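Labels run A, B and C following the written order; every chain starts at residue 1.
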């Protein structure tokens, strides 16, 4: 694994019964870059995220993160190591307040013993939560329940939670899913701003966002890698165009 | 060699037949439970009490002069009505809340408490032992077997087959399975989902009641009989797979055989822990049981 | 920045009213208990003291149920397993080792940590409904085993457990003294309650609530839900067992019924009536149920029918329970008071 590669997957494969969800997938994400994973529905992108983030164990292949072999590591261990993820289908703690959601997400920054002291003593987590509230424009709604927020606010909270632990690698699963055009542009800008300090692996359907943000693009089709390269090269690739039935939407 | 055959004949065979007889009745009870869970996603903690109610109804009818055979026909019908009413009036109320699983569990648990005390109130705490409807024994392959148990095995098997046919080969059964698989879709296709739910619950309860009538001559009828049996019924359902008829049949046969044959070697006190241990093992290692859910298999 | 300060004040104020509400309810409980003690003591009563002490002991069991159900989202239908275990261990220690309060409690604590861990590892694997069934089964099996074990008294249980004096260094309270032991039990239970209430306001407690709300997200917070649930399970087991350990001191005997399903079931009823997820509801629920049982019990032997009926009504119409309804109103009242101040 070269120095600049933060994440590398080698010959990753998993099948569910007769369905080969991911087969022989290999690529890497360079440090500080935004790598996008695109492909039609059912291509296996979310499964890939599940494999990398520890929600699923691969049947074959290897996942390397920051130089270490993390294949099969449980999710919470990966998170401690700096690998964080947001969800395509909003997966917040709907019954808790926005602030509490973020504080829970930031709790991992505290030393372990703090878990048994009164919550008010976890000032690191509290400060981080407040910081995120400001950065993501959620301060005004902080004490309200997460479940009562608008879709756009919930998507922003999703990303904020994934960032709370100050990860090295951030997996963003369709962050702009269902967002208005304005929100999408704002989010794209924010993601671009995060790169450099952070490495980002992004699943996106909005090709405009992909072209604009990505340093590197991986195209998946029916569980396998179809093409890989700089955004422009991938867009001009004939096989990719065929897979998308006529390209950009 | 002849020693082996003799052991098989006189030691094992009676146990096996015993186990089979109890097994079919347990399967009937477990079928009700698994169908209710498979479709309604409801854990019916009161299922044992419905089993007991069936038995009590049976002996009441017999006391009033009805024959055992009339009971076999009548009790399930009465139980079905009770089940239907119960589902509409009680379970429906909490069905659409977020905490449905726990609420229905608590609700049926409350029902179980009331039922057990009610039995004590109406019938007294002492057990009733109804006479065996088919007394005597027959010889089969040189082994003497009680007639009633033979009848149980045959009748029970027939009912199980009938249930399987009803669920998988009739259009009613298809409606039920559709509602289990995707209730919104089924509803939009014209399936009266609420009635199907209540009807399914009624059906499951009727099976439990029937099981009670069938096993009464063997086990006697007493207020805590439901509690005694419910663990075995749940074990069968879990080992077989919640919602699977095939699974319940296989698990029911296996577990009752385990119980039966193990009683030759270990004190009966330990047969419950043994069955329970198997259930826990499955929950830890293969929680979906031997098979799948009602909607699928 | 000013916005942040306002936000922080709002959040902290909110949390204070929640804790304040809880303290008020707990404080009222203690106050009521002391008032009761004063009245009963003045009239030289024994019976009601013993009944009230028993209510407190079972309140501890209910507390352990709420810890699992109201906070971690796990319904245990076999918590009596640990309660009975604690009672038996304590009884055996008092009878055969030393008639010492601290020895009984201490050994029960140590033994339960082990047993709770083993049981927890078995039970935690399962989710939701399956967890309820495993705990139900574990308790049933333990009940049957104890019921049939001659060595520990079989169906009769253990009798002839000596009366003890609870040594507090400077003074001692005779367990035979109805008022004295009532107060000791009250203090003991409030200590258990206080520890649980404190834990629920730590990040650990918050994590349990997160697990109850949305378990699938918790690993992505960097925590293992399995470990948190196991910890909660063991803590609940200890609370139940320590409560049970006081039982033989009160009654001088232990019997298998303490492990029976009815004991577990009663605890669940107490929690539902008192209010799931309030902790203090378990205390009130136990008192309510004990009172109901005695009152109804004087009219009919079949009080379970009525109690079961009330329970079902509670589940359908008052799922939040007594404390569940009182608390938000208290919190609003408290919030208004601090605003005016």
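Quick notes on this one:
The criterion applied here is as follows: contacts are C-beta pairs under 8 Å (C-beta built on N, C-alpha and C of every residue); 3 or more make two chains touch, one makes a residue touch a chain.
Computed from a predicted model, the values in this text were never measured in an experiment.
When chain centres are taken as C-alpha averages, the shortest distance to the whole-protein C-alpha average belongs to C. Placing every chain at the mean of its C-alpha atoms, the farthest one from chain C is found to be A. Between the CA-based centres of chain A and chain C the separation comes to 42 Å, rounded to the whole angstrom. Distance between chain centres (mean CA atoms), chain B to chain C: 34 Å. If you average the CA atoms of chain A and of chain B, the two centres end up 48 Å from each other.
In the complex of the two chains, the chain C residues touching chain A come out as 3-4, 7-8, 10-12, 14-15, 198-199, 201-207, 209-210, 213-214, 216-224. Residues of chain B touching chain C in their complex: 43, 90, 93-94, 97, 99, 101-103, 105-107, 109-111, 113-114, 116-118, 120-121, 227, 231, 234-235, 238, 267, 269, 272-273, 276, 279-280, 283-284, 287.
Contact residues on chain C toward chain B in their complex (touch as defined above): 69, 75, 77, 122, 125-126, 128-130, 132-134, 136-138, 140-141, 144-145, 148, 261, 265, 268-269, 272, 302-305, 307-309, 311-312, 315-316, 319.
By the touch criterion stated above, chain A contacts chain C in their complex at residues 53-55, 74-76, 79-80, 84-85, 91-96, 99-100, 103-105, 107-108, 110, 114-120, 122, 125-126, 130, 133-134, 139, 142-143, 162, 165.
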